[in-house]
Amino acid sequence: MGECSLQFDPTSLVPYFGDLAAGARLSALACALALAGSLLLGTLMALMRTAASAPARRAAGVYVDVFRNVPFIVQLFFLFYGLPEIGLELSAFATGVLALSLAGGAFTSDAIRAGILAIDPGVLEAAEVSGLPRSAIYRRIVLPIALRSAVRPLGSVFVNLILTSSILSAITLNELTGSAKIVAADTFQPFEVYALLLVLYAVLTWLVSLSAGALHRRLNREHAR
Amino acid sequence: MMRYTDFTSHDLFLLLQGLGVSVALFAATTLIGGVIGLGWALLRYYRVPLLAPAAALLAELLKNSPVLVQLFLVFFGLPVLLETDLTPVQAALITLSGNTAAFIYVIAVSAIESVGREQIETARVFGLSRWQTLRRIVAPQAAAFGFGPLAGLLINQLQVTSLISVIGVIDLTKVGAILNLRTLKPFIVWTVIGLLYYLMARLIAGACARVEARLRAHREWKGL
Amino acid sequence: MIHIEGASKRFGSNTILDGIDLRIAPGEVVSILGPSGSGKSTLIRCINGLEKLDGGSISVDGHRVDDPKGLQLARRCSGTVFQLFNLYPHMTALQNITLAPIEVLKIPRARAEQAARELLASVGLGERADLYPSQLSGGQRQRVGICRALAMQPRYLLLDEVTSALDPEMTAEVLAILGKLARSGTTMLFVTHEIDFAREISDRIVFLDGGRLLADLPAAQFFAFDGGLAQPRIAQFLSKMNKS
């Protein structure tokens, strides 16, 4: 078999930490924006899916169905190559955030919808009977309660968003994974680079899960039951 | 100089080829990943020292990192580390099997844990070995618990196969990229590709629903 | 005036309300008694619009509850207290009470909170204004529920078995407050199983059985041998309740 010289030297990556950090910052920004976008879109879709009007429910249902059963990279390419055709010239970053928001919105709407359905109907009756207009009921009762109980599932959606954001490297965005590809090419040490990346992402998502759990505990400290 | 052409009937053939590659890799990695994942779950059930926690750690790592990075690690990284060559398809097989295994492991562990502890204790008190307990008591019930999450996982892993196009496997997505580049008709191309993936996902969901209904019918008498 | 005319409601093949005629004038305290499933709660839920009638009509101060605008106005005149309290779990006792006055009556926050604190003090919960429902006992939660209904200054107070979910000690707390309210001239419509309480504070007693109104009498007459008790069904019911 001959000599098998396993070379593993992570220390040679140190000078490239700056590049990786820059990529990480871009990832973080994209994910933060996409999270906001997902929450907005997801809340809207969740409200539509629990609305009284059947067309609203169906429309939102179709949206969720499509974005959950088509691979993200296909959605991304559709937007990246398609939008310029209809005159919308977005940067790679903007396209990426848009795609992440659309996909994230579908999963977010699931979590929020579950939260809405779990609300004690008696509480809604009390709100109705006190003469509160529908908008106030949604704003002060439905959404605050639903979002509180959806914190953990939303945490895992955010984790998913972070992992999916690595696919943005496929549209030449130099976020974390994109930067790593360049560093790997420069150092000829792809194994070390990608192994490091793997651990980084895993640690990051673990931190997000922990935070979601902590946030959930904090929000529900007094509101239990 | 690039020649932009319209769609030809040959493109249908290309699509079918790409579809075939995607399906084949999906099926193969699901099977291999399933076996590995269940193997890891067995390690945990038998509390094998060193191996069980190692498997758990590996599963956590694979579950919580991007599949694309895993693909790059295997396709670009392993050959350099081990000084061998790896084709895109081989890399895809290895990576997706490992990734699927991680999720199957988690589903299996959670399903086994859903089976009440008293059942396992009772079986042990009656003298059944760990294996017999597993085979007769735990596994059938765990299978029922795990089926729902499994269906969801299958659909998800189908989507994940689309990433192998990035390392050069000529799967359905790669065919889409080729067609897109050639015809410059992104809306048509990507809609068709998306539709094909969507239909496959629906097929899987439908098949799982039918199997679940069949399983449930068999267990009807257990409902008291 | 609450006008109930020919109120009927069906659920599948079950008749829950069968042509009920009833009037509640301002200032009256009326108790609705009857066995479980007699339609008592459903009647209240039709008055505040949580359920819809299949036949007949209900109007509160002239506002018909089967009309969306009318219902909105009818709900402004009435307040409901629920058996299971139905407090907003994510809000403090104070916020529970001030929500509707601020959002619906557009009362400024400071004034609404002041009024809420006074209400809480009057039911003995002055120091608990900033606690969440999960930190309160059942009796305390119901007292908050009563304050919440009163904060909207309703002309009619609808109370749907408001002590049925409480243990005897808490029941006594709540009944004391309700008794005070009744004597102060608030119009109240009770659905209750507390016969002695009903007897003590009601002006009128209404008896429902199987969706039908069997009696609508002044309290004293209801419990008289030649009045309510003359009806075998009522006598049977009352004797059963006394035994328990």
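Order of writing sets the chain letters: A, B and C. Residues in each chain are counted from 1.
One rule holds in what follows: contacts are C-beta pairs under 8 Å (C-beta built on N, C-alpha and C of every residue); 3 or more make two chains touch, one makes a residue touch a chain.
Predicted model only: the values in this text are computed from it and were never measured.
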Topology of the chain contact graph, where touching chains are joined (line, ring, star, complete, other): line
Selected interface, A-C versus A-B, where C-beta contact pairs are more numerous: A-B
Chain at the geometric heart of the assembly (C-alpha centres): A
Cα-centroid distance, subunit B relative to subunit C, in whole angstrom: 57
Separation of subunit A from subunit B, taking each centre as the mean of its C-alpha atoms, in whole Å: 21
Whole-Å gap between the CA centroids of subunit A and subunit C: 47
Junction residues of subunit C - those touching two or more other chains: none
Subunit A to subunit C touching residues, read off their complex: 120, 122-123, 125-133, 136, 140-141, 144-145, 148, 222-225
Of all residues in subunit C, those that touch subunit A in their complex: 48-50, 72, 75-76, 79-80, 82, 84-90, 99-100, 103-104, 132-135, 148-149, 152
Of subunit A, residues touching subunit B in the complex: 4-8, 66, 68-75, 77-78, 81-82, 85, 159, 163-167, 169-170, 177, 180-181, 184, 188-195, 197-199, 201-202, 205-206
Subunit B - residues contacting subunit A, complex: 60-61, 64-70, 72-73, 76-78, 80-83, 155, 158-163, 165-166, 173, 176-177, 180, 186-187, 190-191, 193-194, 197-198, 201-202
